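Note that subunit A is present in both complexes that follow, paired respectively with subunit B and with subunit C.
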Partner chain A sequence: MADVTADPAQSKRLFPRERIIQWAPLLVLFVLLLLFPFFEWLEDFREAKDHIYLLDSRFFSIRNAARIAMSSAPALMVAVGVTFIIIMGSIDLSMEGTVSVCAVIFAFAFIAWGGTILSWAWLAIPVAMLVGAAMGFVNGIVHVKLKIPSFMASLAMGFVGTGLALLLTGGDRIRVEDPIFRSLLTERWFNFPVMCYVALAFLLIAWFIQSRTTLGRNFYAVGGGEELAHASGLNVERVRIMGFTLAGVFFAVGALLAVGRIGIAETATGNNFMFVSITAVVVGGTALWGGIGGVWNTLVGVLIVNVINNGMVVIGLPGWVQDGTLGLLVIAAVVMSTDRQSVSFVK
Partner chain B sequence: MDMEKIKPYLPWITLITLVLLVGIANPSFFNPAGMVGLVADIVPLFIMALGMTFAIYIGGIDLSVQQMANLVTVVATVFLAPLGMGVAVVCIVVGFGFGALSGYITTRLFVPSFVSTLAMGFVALSGAKYLSGERALSMDATLRDESFGWMFATTAGIPNELIIAGLLLFLAWFLQRRTTFGRALKAVGSGELAAVASGLNVDRIKILAFAISGMFAAIAGLMFSVKLSGGDANLANGFLLLAIVAVLVGGTPLTGGVGGVINTLIGTLIVVVIRSAMVYLEIDATQQQMVFGVVLIAAIALTIDRSKLRGIVK
Partner chain C sequence: MSFIKKFIEQEKVNRRDLLLASAYGLGGVAATGLLGTGMARAAIADPTVAWSYRNRTNPYWNEIVGGGEAFVESLGKPKDFLTHLINEGSSEKSLADVKALLSKTNGDLALAIDTNDAPNARPVVEACAAAGAYVSTLWNKTDDLHPWDFGDNYVSHMSWSDEGPAEQTARILLEAIGGKGGVVHLGGIASNNPAIERLNGLKNALKNYPDVELLDAQPADWDTQKAAQVMAGFITRYGDEIKGVHCANDTIGYGVLEALRAEGMDIPIVTYDGNPQAVELVAQERILATVFTNPHWGGGITAALAYHAATGAFKPSDEPHAHREFYGPTIFVTPQDAKEFKANYLDNVPTYDWSDHWGPSNGQIKYQ
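Let's look at the complex of A and B:
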């Protein structure tokens, strides 16, 4: 105890960077979950109202948990998609365009083929996923074959996607009113809407891909050291293209859930997904440099982002605070996850 | 002919070819008054792209310019009444400060510029929403004309807007070509490690480059806000893509080190011509974004210096 000059090697072993990155997000989530009810309690305490901490909280209730889960579900799918890309050390900024295009094409196909899941219209769901895959594939091809850095290739593809969605809709909103499809939102099992379980199922699929398939391991291999992966005979280009394609599929699932939630497909369906999903992935502890993290980190990250957004509304903070907070959060998360000894400069 | 030899002239060739093509299809395009109008219309975008050139020239990117301009439209509208023309100083300081902060986060905290500027963009958006109360604000017409009416007058038949753009271009060109700072920018863009090794204070240069980008974005926002006589947290949305396109189409590659502000002038003109061609071909506004997205990909693919990527493209 009195030994002030603690052995740095030992303290390093106790809290290595990887372990901190791994557990800090979960800790942050727990702190937030206890913090917002505290503010509620504080307010009632000042006004001398009866308020038992946590039990009387509006934030810390099943109803609000369902609300958070519901707003998290589409974002989770998009964020899981981009997680694979970030694990490879690349980035995908095309989600806003891809989500909009998938949502719009899904809505058009769904309505054209009958307008209810019980007819052939169910085919619109796999079609939307194929569209997502195709857009991701093109994105990957542009990035890998033209050798354009992924952030720029995907940003440009995102603009193309948004333009395409606008072209398809002409600025109109398309309503999807099939009660069976909308049961994603309206039907609740154990207080939570069905879409939460759908998102959970796809999260498990993503986890399976990440940990139990060669493709998943290859993502980590590419992210951990591309030259090494290449030298050990991995077709890095193919892995990258497949990663972007897979991400596209998850973006499409996110689009389907987003349409299920509000019952409308439009060009704006994809709005805000880019920043929220990147924030979620990074805040969850998947390092931008690649190789570290995974889909469970992303779940924690998405929950952190949505808990912050929801909690701020519950304790009555104005809406403008959210954007700034998320912005600072991203910066803080990237700073924390960066090993400064190993980085000489960034562009 | 070697592709590498043609490369520096490619933007010029593109511009001239496009102008000729559009001119042949639509001879009224060459009407001088119409041309001046077309160009004057795009001055805020040009100024924003000028600033962005500095960020890209050192091999970074500034994705916050659009939000920066949004914030400044609000700042300009809110503070026009108490400050009059002095509001321009406030706007420029805000832009410079925000840009410098992005630069600091990028260089000292090792956050890649596309993330740091994206995040700072949202901080700026936050500020814009706060100041505007999430409403569209409008300027007092008489106040606006008193303080900034001169912007839309003409001097010797040339719109003052164009003169401002010309002065800013000269300033940017002077900074880039005639100062040690400009030479240092080129060194950092050409090879950062070599620049560090030769004793340059690379961090300071990079922070300044981002600050300049923020400052020009702020000036663009100010002009835009005066032009539309108002401010709103979403007013300048849609500028980001065009600003990046203008820089890259002009021939400053994403990898930095070559090109510069004159290239951005050409790039902006190319954007103007493409835009007017699309209007002539009756490609409506909704499709233009798609076209520019594809143009962007083509421009990057043609200009990027692949030898600098050391075989790995992340």
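Let's look at the complex of A and C:
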């Protein structure tokens, strides 16, 4: 009997649409990595300077890769946290407040307990992560128990966090100058600062949670079809609350790396993390309606955003063009990663 | 339907009152018009003192409001006697909050305010003058708005011109790099007036140094983390060509220092604002120079001017124009004097005489 369900030519295509969508973010990253050196080459070519494409590129160098990795590390942690939430089909906008509170409490505790990792001050690190977890937990409770949409509940919690951080600091900045803690930035292994390896370690933990634990599987179940998951006996509310708590822990790690990078904790530590992390998750190919994507997509997304930010300065684009370009990129990324035929309406 | 009946009856009474009142009042209105609006009220014995500003997250505004608090404490009142109107960067909220406070206090108000943007100054000042309150503005107002056009109610305006001081720090930087090589500038939010003036200051200084090239100038939005990232980009693009960095303020400077530290680079930088941390870094010679604008004094004296005008301690309209629109103080901090400066201004915040309204000020505002 003839196969009437599919067009044979369709199934034999080398690159079916799904596969292109799946790999599009990585492709975009590679294109960008080749594009910025091209602009550099073009600039030198116009001025008739010797420049061998890629080899003479300042952008395409280990030193610059380390710089991009450094600016990506805190944002990656925050973005990984929010990835879990977006996989569930919810959204968490509390990161700026949570990061600020964690950073400030960490700095206070760190200084109060000795001011160097070699004393009891190291306890400030787990304390900061507990604070992040607690804020995420409250966030989840407010969302689930009071039945407030996640974007509203988390946005409100974010404001609470920013206010709390301001209350704690009174607008001052706290300096963390312990040379051992600051070795996150100053110490390099194989050309990359220690903070990059810390971020990588937590990325692997996140990947483990996502792929090897029941909780991780349940995130996908809730995001793929909440009704179905509920009907199968899954305690959806519990999964959601645990998701927000987990996200809070990763926000706290992001806060620690942010403090490690500039040595200052303040209410403004959380600034810009919302835009960068949500952009990175979406550009990386994690669908905003849930069920698709994961932490590796987020890694690619964070790298894309930071490669663009770095590359635009390197090729000398003016500031306003940079913001606009990033905005256009988000639209392009969502367009590419969405199968519009399967989505009947957008709300 | 009794409420409708009641409403109609009320309206009838209202209309009758209105007719009677207008016949009676026409002559009276003409008479009060001669006296002027500002004369409606003499001194206010105990005005509410309020500061309206963006928020306290920014160390600069935190200092400003700290000065306001020091002033109310000097009156023998608790710190929280000062009413805070926080606009979070919204001119609409700024104006709405002022109007709400005016009706709450019935105009018994001494207001110090940064109206968030220049066009918002006029409606704020007009609302205060109409209610008989006293207002002093800081930073933002349009060039055509002057305190002396409002009798006594618009007490004063203080601002700073950053172009000159930024030019001087730029000269310190350019001298330090031996007058040749490349420099980069990291600016504030591109549309902010101080950001524009501070970059112009650098450009003015560069005119005398033909061998120095301004390699690049990018906005870092007054933000430490963004500054670190932009500086990392500059290092990639220009590498060792960068001999010095001109930063639009201290918070940007901190980010630049960390970006340089990550690369093991040590080149001179100059900043602006004179925050305590920056002054310490100047003393350690990690920052070459910063400019202190004494926000503590600025915040205190702006509140003091409005308060003293409200209580009748002085009459603004008797003062010369230079006492109504003036520049705030600017003090240079360099490694030679950083320690002394820190001891005088930061370690012990000086107790100012808040009735000396113009001592540290810097001359009448000039318009171009």
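Criterion: the second predicted complex is superposed on the first by the 327 of 347 C-alpha atoms of A that agree within 3 Å, B and C clash if a C-alpha of one lies under 4 Å from a C-alpha of the other, contacts with A are read in each partner's own complex, and residues count from 1 in each chain.
Rule of thumb we're sticking to: contacts are C-beta pairs under 8 Å (C-beta built on N, C-alpha and C of every residue); 3 or more make two chains touch, one makes a residue touch a chain.
Since we're looking at a predicted model, the values are computed, not measured.
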{"item": "Fit or clash between subunit C and subunit B when superposed on subunit A", "value": "clash"}
{"item": "Contacts of A:Leu288 with subunit B and subunit C, given as first, second, both or neither", "value": "first"}
{"item": "Which superposed partner A:Ala268 touches (first subunit B, second subunit C, both, neither)", "value": "second"}
{"item": "Subunit A residues touched by each partner, larger count belonging to subunit B or subunit C", "value": "B"}
{"item": "Which superposed partner A:Asn64 touches (first subunit B, second subunit C, both, neither)", "value": "second"}
{"item": "Partner chain in contact with A:Gly89 - subunit B first, subunit C second, else both or neither", "value": "first"}
{"item": "Which of subunit B and subunit C A:Arg173 touches, first, second, both or neither", "value": "second"}
{"item": "Contacts of A:Trp189 with subunit B and subunit C, given as first, second, both or neither", "value": "neither"}
{"item": "First (subunit B), second (subunit C), both or neither touched by A:Trp320", "value": "both"}
{"item": "Location of subunit C clashes with subunit B - one stretch out of 9-17, 189-197, 261-269 or 333-341", "value": "189-197"}
{"item": "Residues of subunit A contacting subunit B in one complex and subunit C in the other", "value": "162, 166, 170-171, 318-320"}
{"item": "Touching residues (chain side subunit A, partner subunit C) in the complex", "value": "58-59, 61, 63-64, 67, 70-71, 162, 166, 170-173, 175, 185-186, 193, 258, 261-264, 266-269, 271-272, 309-310, 312-316, 318-320"}
{"item": "Residues of subunit A that touch subunit B when the two form their complex", "value": "89-91, 93, 142-144, 146-153, 155-160, 162-164, 166-167, 170-171, 226-227, 275, 278, 282, 288, 290, 318-328, 330-331, 334-335, 338, 340, 343-347"}
{"item": "Partner subunit A, residues of subunit B touching it in the complex", "value": "58-61, 105-107, 109-116, 118-123, 125-127, 129-130, 134, 192-193, 196, 202, 241, 244, 254, 256, 286-294, 296-297, 300-301, 304, 306, 309, 311-314"}
{"item": "Subunit C to subunit A touching residues, read off their complex", "value": "55-59, 61-62, 190, 216, 218-219, 223-226, 228-230, 232-237, 239, 254-255, 258, 261-263, 277"}
